[in-house]
C-alpha cells in the first residue's frame, strides 16, 4: 500500500479508537475547567469587559498555551509509538503491508485532530462566554481564530517533538515533562535569540496581542512577559519546520529501530 | 472459617506463630525495583543537592568572619533557625525534586500490578489488603524519609558539631520533632496521593502524567482563582501551597498564606481519605469486567 | 519445490544474549512445526520472518523478498502473535475489520472478509462485544481471525493453541490443516509436543538458538544414530523372548516393564531387529499382543537431541 492511503487508513483506525478511551475523557474534563472559570468570571466581573478580556489573555490563554496543549501533546505525542510498545500491539501494525512511517503519520494526524477538538471544545465556549456581546466585532472574531490557530500550531509542533522523543527514548515522559514545563517555561524569558530555542516563543509571537517595550502591556503582561517576538511569517515557518523535522526524524527512527517489548 | 494456612494439609499439630511482616517483601521489592532504573539513581542523587547546599550554609554560618565578603549583605539569610530548615525542606524546588524521585519509584507501584494482573497472585497468598497497601506505602515512606528526615536530622548534628556546643538544640529543642513531623506529613500525604493515582490506571506513563498534571495544575488553578477572587483561601486548591502551609506550621514560623494552617491539614487529610476509599475499592483479588 | 521462507546463516542477539545462532533453513508449502522449549528461539525466528526484528547476521526472505522494512511482503503474510494483547477498547468486529483496512480493500470487501473470519473462528455471536470482556479462548480465536481474514498465502502462528480448551484446540487444528489442503504455507510454533504432532509431521527442532534437526519425525529419528531405538514387545512370555535375543550383539539393552508382560529392547538396528523378531516368535511359538516404538515420537526425538 502506498504511503498516502496507508496514512489515511491508520488515521481511520486510530481516529475512532482514541475517542473511546478513558484517558481521553479525563483530558477532555480537564479542558472543561477553563469553561467553568469563564462562567464564574463572567458572573463576578459582569460589565467589566476590559477585565474579562484580561482574564482570558492573562489566565486562560496562559493555561491553554503553557499547560493544556503541552500536557495533551506530551501524552498523545509519546503515545504514538510508546503505547504500541508498552501494550505489545506493535506487531499488529508492522506486519501489515503499510510503510512504517505511515503508522507514525496516521497516528499523528488522528491524535492531532483529537487534541485540536478537545482544545477547541474548551476554547470556543470560554472565549465566547468572556466576549459575549462583542463577538460580532471583527477584531474580536479575528482574535478568536488567531488564538485557535496558534493553539493548533502548538499542538502540531509539540506533538511532533514528543512523537520523536517517544520513538527515540525509553523514558520519553520524563524528558518531555522537563522540556515542556522546565525548558519551555524558563528559556522564553531569556533575552535576544535565546528565546527562539523554544516552541512557545513562536506561538506567542503569533498571538493577536503585542507587547509594549519592557514586555507585556495591560492585560497581556504575563502572557507576553519579556517576549521579543519573531515576525508572524517567521514564526509560522519555524513551527512548521519543527513539526516537519521532528516528524521526519520520528518516521526515520521508527523505520530503522527494532522495538522489543519490556519483558 | 479457618483460613487456608490453618488447615491441616501440613499435617502438623503445632500452633502456627506468625513472626513475619507480610508487607515487608512488597516494600523491599519496590525499593529494589526503583534502584534498578538508571535515571532514577541520577534523580535520587540530585534530590540530595538542597541538603548539601544547606550544609554549606551551616558551615558558612559558623565561619561568618571568613566569609564576610561573601555574605555581607546576606547575613540574615544565614540565620540558622527553624526557618532555615523550613526554607530548605519546604521550598517548591525541594518538593518538586521529591516528586520527580517518587514518580520513578512509585508511579507504577499499583499500576504495574494492575497491568500484569498481579493482584490475584498477591491475594492468593496469606496477605491482607492492608499488608499490600502498607508494603506499597513503605516504598514511598522509605524514599521520603531518606530524602527529608535523614539528611536534615544529620544537618542538625552537623550544626552542633560545627558550633562545638549544644546551644542550638537548647534554643530550638523542638526542631528534630519538627523535621520528623514534616517528614511524616510528607510521607503520609505522598503515600496516599501516589497510590491513589497509581491505582487509577494500568498505564504507568499515564499515571506519571496524572501525577505531574494534578500537582502542577492544582498550583496553576489556585493561582488563577486567587487572581480572580483575590482571597488567599484559593491557595487551598494547590497541593504545593497546602504542604508549605503545613510545613511552616510544623516549624513554628510565619505561615506563607493568610489562612489558618488547620485548613491545609484538612485538605491534605481529605485527599488521604479519598485515596483510602478509592484504594479500598480498586485493590481486590478478583477483576471485575464490565 | 521452491522454499517459501528461507533463512541463511541467520543470527540474532539481544545485547549479550544470543537469540538465534547461525540458522539456515528453508520452509516449503504445507504445515511446518517449529518446536522447542521456552527461550529456544522460536519467537525470535518468527519475528525475523515477519520483519519485526532485523537480523544481525544473515538473511531471511519470504518468497525471495527480504522481510525487514519491506511492507509489500505482508500482503501475503498473516501473523498471529504469541502475546495476549489487543486494542481492548475495540469490539471483535472492529478489531478484525480495522486491521483489514491496511490491505486496501473496499468497504464491502472488508465487511465480507470480517464476517467470514469471525464465522471461521466461531465468534459471530460475540463480534460486538468489547475484546476486554472476552474469555481467554475467545481472545485467542480473535487473534487467529485477524491473522487469516485477508486470506494470506503464508500464515505464521506463534503458539496459536495456547489458552484454548481441548475442543477449541481441535477446531483450530482442523482449520490449520485445511490451510494445507488449500496449498498455503503455515509455520506454527509450540513448545507442546503433542500439539505439533497433531498438526504436522514436518518439524524444525530449535534449542538454544540453534536448529537441531529439520524434516519429518521418523526421518529425524533415523538421523540419530548415536541413540538406539526402543522397541516394546508385549507377549505372554517376555522372558523366553528375551532369552532368544541375549546373544544378539546388535541389541544394547533389554528391560522388562513393570506390567511383567512387556520386553523393551534398545537397538541401533531397528529394521534388523524386526526381521529377526518374526523368526524368533515363530520358532519359539510365542504369541505377541503388541509391538510398538515408544521413542518414535517427537518427545523422545527432542529429548535425545537436547540431551536431557
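As written, the chain order gives the labels A, B and C, with residue 1 at the start of each chain.
Definition applied: contacts are C-beta pairs under 8 Å (C-beta built on N, C-alpha and C of every residue); 3 or more make two chains touch, one makes a residue touch a chain.
Just so it is clear, the structure is predicted and the values come from calculations on it, not from any experiment.
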| item | value |
| --- | --- |
| Of A-C and A-B, pair with higher C-beta contact tally | A-C |
| Farthest-lying chain, centroid of Cα atoms versus that of chain B | C |
| Centre distance in Å when chain B and chain C are each reduced to the mean of their C-alpha atoms | 53 |
| Euclidean distance of C-alpha centroids - chain A vs chain B, Å | 32 |
| Inter-chain centre distance, chain A versus chain C - centres from mean C-alpha coordinates, in Å | 50 |
| Sequence positions of chain B contacting 2 or more other chains | none |
| For chain C, residues that touch 2 or more chains besides their own | none |
| Chain B-facing residues of chain A, complex | 22-23, 26, 30, 33, 37, 40-41, 44, 55, 58-59, 63, 67, 71, 74-75, 78-79, 82-83, 86, 171, 173-174, 177, 181 |
| Residue ranges of chain B touching chain A (in the complex, touch as defined) | 39, 100, 103-104, 201, 203, 205-206, 208-210, 212-213, 216-217, 220-221, 224-225, 227-229 |
| Chain A residues touching chain C - in the complex, by the definition given at the top | 1, 5-6, 9-10, 12-13, 16-17, 20-21, 87-100, 255, 258-261 |
| Residues of chain C defined as touching chain A within the complex | 14, 47, 50-54, 69, 71-75, 77, 79, 81, 83, 85-87, 89-90, 94, 98-99, 101-104, 146 |
